[in-house]
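In the two complexes that follow, chain A is the common piece, with chain B as its partner first and chain C second.
Entry: the complex of A and B
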């Protein structure tokens, strides 16, 4: 290390002694700001190193021809211009083209149903648990358990439950209750998307329930009482009082629910392996497979960049819709 | 119908919903207590449980290695993320400084980026470091700890802000009047007062780290593999041994389940405070 660049000891001592000589007020404000910067420094450093820089790197890679042959050159791989984007979006002879739009469609279906059912179900259960009842505290705590089960355990458990012959789902639907006459095949073909939606809802619903329940309990009771005196029934009160008051909570859950569902990876990956098949292949499973199994890193980076753009549009649309609700809170 | 009857009906419905939500977990535990053969043929006997599958699973996949890796990586990463987040969360909750809005927005912004976006450059970066410097992060616990720390710091900041905002300012001002430095007051007065929040944040980050699969799948090869990878490898090699797989599921759920129920009072407060107060 070059010791000559270190400040002289006198300077250090002088700087340290400065705050004591200054008027106390100004130095207090300055030392406060300086402390604030020191306090955020570690978090910001990590976020820059692991989030910001690699994201910029990823966008750069999306313009490069990075594959099996150029991989050894890492970031020095040759430039490809917009080729990665063009072939994904417009080149129908490229097998990735169909795969990409198939995955976009599956991800949209998966996200729509997962977020929709999670929020509607979570609100319904929260309303149910907001009533006085014997043992309600235990019920509320136990209801959270599915959310604690790790995604990869959710995937192996439901994979076993979905088995056509010995799985408990078909046993209940066909053998025990006779709701269905034929045993559905869950892990192959069109049903596969439901084989990942339902476990995702099962795991996510308790969390939505928890948030809604907190919102319901924080709600002022006077409004409901006044409306009841005015003759509004429970459904009217729910529609015109409860639901509008819950809008900010719905907004936040919608925002993050859509983001997390769009980026779902663990459940399809553990349940179906590297390739969940054309009916359940999501954006993330597609990108990871093309990048790490087929070494099409440029494609993966370009598809990820497109995914960020889509999420950017979603955040913009979301903001336009829920702007008012954010100002209230 | 009388309102009494409706209420009884809703009580029954509540218990029914709970039963449905818990049924898959019951099924996980029940299946883990059977033998592989029973599960393959569907001839389960719930009244004759056996712990056989647990012992077999432990040997056949070297589960201990994955478990130890998961425990070390997730504990250290969650603790570091909580420490960083307590610093940053305190600064954001208490001080107005230039760039504080940018940091707050950046915290949320990190959540918008798909993992696949920065996984690849992180992977290439690890490879580059290994080839060009003595720093080896690829397939090491340290590498995974660094990545996870960064991952869960933003959500931990989000959490800690509310716990700090709930602590009255008078507390640290009194300490400073008594001669504590600003940082000393934070360390000795505010942090202990926020202990439940720290614990909740730690557990929350731990839950997320325990569940992470995408990065550990690509950034490790053997030495630093965690439980989700162990489960994936198990499926690849012994798909038909379902009882063992379920046993592995039970063992990998237990640590987070215990951590959750031990701290759920504060954890629930942290989650809902952030949501309800906006």
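Entry: the complex of A and C
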């Protein structure tokens, strides 16, 4: 009996060799972790250097009195405490902070319409293109082209298209089709906000469409077929099958869309310069103008910090609303 | 733990190494010699051959770097001092010069817009040239309005030397005036005849807009409006530059003069959507009969490669001085560019030698000709002015030229004014708030309030 328990000579050799091998295995695991640290170290270092430290620096600056005479001292500038925040939020008569609430309002309007139209339009086009028909590939490719145009170029193109006397928009609306009798002025006054919303939607829509189209094509057809057999019409099928299944995609695009639109800068800047006027001044153009043209870096830093907080609240709200969908995906 | 530290430390080294290399590269550009010869008391200090100066210039001419390199070649041949000309775009020059002045990392010399000089000087990163300017004839060699741009209000120093100059004058189409039956000699004599001329064009010459000027998109909107304010006895700031006076009745009359032109249909409101260059091209393209512009457009008439010109416009350009206001003076904005020497330069004598060279009469004339600008110095200015009638109008404009109070906050105040002037012109065009004397006044009040807030900024 006991003999049978004796391991075979080869096994002994194997067992002898095991203890020698095991520690290397453990250290292999450790060195794998170490390798992982090494691999993420550059990214972490970069993130700390170019992201975290400047953010902290910016928040510190928001407590400083930085103006034409003090900004060169930067972190040595006089301490202002909460003065910058107080005057932004509660002192509307402060002439240096003129336009803050206007910019907040414009940004909200811009974001609402840009994100709303992009998502609704993207979904509509995706539904249209999600069916077999001749030349569908070409149509889909063409639909994607606005997305590959850099927003800088989008702004320049639309700036010419909007010009009231020679721009193509008014030519179509007034000269070719006669929809309007008077030539509207797009780049001045109340229309300016639409002059930046429409190009933003034009550029953002293809991407939304692409995401929705991918979602629609991955959708199991059986559900639609079963519902159709049960007598559900196209609208009901859309409302109770398509839309709920697209919820995760809508959620993600809503998150990024709102953040991206709130931080929009290039389109209004290229179209109107650093002062788009009271009707289209967004948070970012205001912050950039006050900081870099007017040297009010304390104001700019405080406004930026408030913007980060607002975005933080948005992400929190978004998470509460779509938590369930994220778990499903 | 030690291992982690090692990881972080080596990662930092990894990240910072390229920066260190770049920094070394930057030093090389400034040349290898390191002995500043600023203490040599001799009037003509020995220049160090082989030194390389760095000069920042803005896109003044079609090929900014090549043109300036050519201009400077004789200087290098004579002195052995090389010059590395670097082009900095107008859109970024303000930020880059400011950053260079604050950080002490920059070129030896930079070009700067005349209205920017007081702000840059206040940063403390530039050399006071007061002891050197006698070399180039000092104050008396320049028109007073131009010399004023080298100073800071309330200080003794000379922080820049004028390089080239521009002033605004009235451009008109001779053929259009003829069709309208207006005598060019008196067409733009005063504000009333200016308006009457535009009315005559509107009534008698179809197919062309009487007048156009850019709105808030133009960086120089304030330069276009202020002459009318000055004409009516208004001013941008009080005498002591402590308070805004842009909401006085005189200033309001001046601003409203422009708004009223829009209201009367004499000023093409669609031009308000364009920036300065785009409106300039509208005049060149024959869409506008009258326009206010600088001398560089005169220089472009003979350039066949400037395809913005249509023949009718190109062959019929006339220039008249700005109209005379009720006060009897014909004010215009005089601007241009100055040269400033960074405090961080290791070669102040060589840098000054270059600035002196760029101030020689012949260099001034050649370079200004190339740019379609005017020389900054009186003597060559006079010579360019004598060349023909159109240039003469500009020469006179420069002598009547006015610029803003040289205070560090001016740039910010100009931004505030620009916003409000833009709003006023927009409302006159029928967009935005309704246009009335009250709405103009409330915009100007807001502008004055903002300007006063900016003036109240302090170092404390």
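Here, the second predicted complex is superposed on the first by the 303 of 329 C-alpha atoms of A that agree within 3 Å, B and C clash if a C-alpha of one lies under 4 Å from a C-alpha of the other, contacts with A are read in each partner's own complex, and residues count from 1 in each chain.
Following the convention adopted for this analysis, contacts are C-beta pairs under 8 Å (C-beta built on N, C-alpha and C of every residue); 3 or more make two chains touch, one makes a residue touch a chain.
Remember, it's a predicted structure, so these values are computed and weren't measured experimentally.
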With the two complexes superposed on chain A, say which partner A:292 touches: chain B (first), chain C (second), both, or neither. both
Looking at the overlay, what does A:185 touch: chain B (first), chain C (second), both, or neither? second
Let me test your reading of the model: by the given contact rule, A:82 touches which partner, first (chain B), second (chain C), both or neither? neither
Which of chain B and chain C A:165 touches, first, second, both or neither: both
Give one of first, second, both or neither to describe whether A:321 is in contact with chain B, with chain C, with both, or with none. neither
Give one of first, second, both or neither to describe whether A:42 is in contact with chain B, with chain C, with both, or with none. both
Specify the partner with more touching residues on chain A, choosing between chain B and chain C. B
When the two structures are overlaid on chain A, which partner does A:157 contact: first (chain B), second (chain C), both, or neither? first
Output check: A:308 vs chain B and chain C. Expected answer is one of first, second, both, neither. What do you get? first
Per the contact definition in the header, classify A:67: touching chain B only (first), chain C only (second), both, or neither. second
Which chain A residues contact chain B in one complex and chain C in the other? 37-38, 42, 44, 46, 49, 165, 273, 292
Quick one: in the complex, what on chain A touches chain B? 31-33, 35-40, 42-44, 46-47, 49-51, 53-55, 57-59, 61, 74-75, 125, 128-129, 131, 133-134, 139, 141-146, 148-153, 156-158, 160-161, 165-166, 168, 171, 202, 205-207, 210-211, 213-215, 218, 248-249, 252, 256, 259, 262-263, 265-266, 269-270, 273, 283-284, 287-288, 291-292, 297, 300-301, 303-305, 307-308, 311-312, 315, 326, 329
Touching chain C in the complex: which residues of chain A? 34, 37-38, 41-42, 44-46, 49, 67-72, 78, 94-96, 98, 162-165, 185-191, 272-273, 275, 277-279, 289, 292-295
For chain C, which residues are in contact with chain A within the complex? 3-4, 7-8, 10-12, 14-15, 94-95, 101-102, 119, 122-124, 215-217, 219, 268-270, 272-275, 408-409, 411-412, 415, 418-419, 422-423, 426, 429-432, 446, 449-450, 452-454, 457-460
Considering the complex alone, what residue numbers of chain B touch chain A? 7, 10-11, 13-15, 17-18, 21-22, 24-25, 27-28, 31, 39-42, 83-85, 87-88, 90-92, 94-95, 97-98, 100, 103, 106-107, 110-122, 124-125, 127-128, 146-147, 149-151, 153-154, 157, 182-183, 207, 210-211, 213-214, 217-218, 227-228, 231-232, 235-236, 242, 245-246, 248-249, 252-253, 256-257, 260-261, 264, 268, 271-272, 275-278
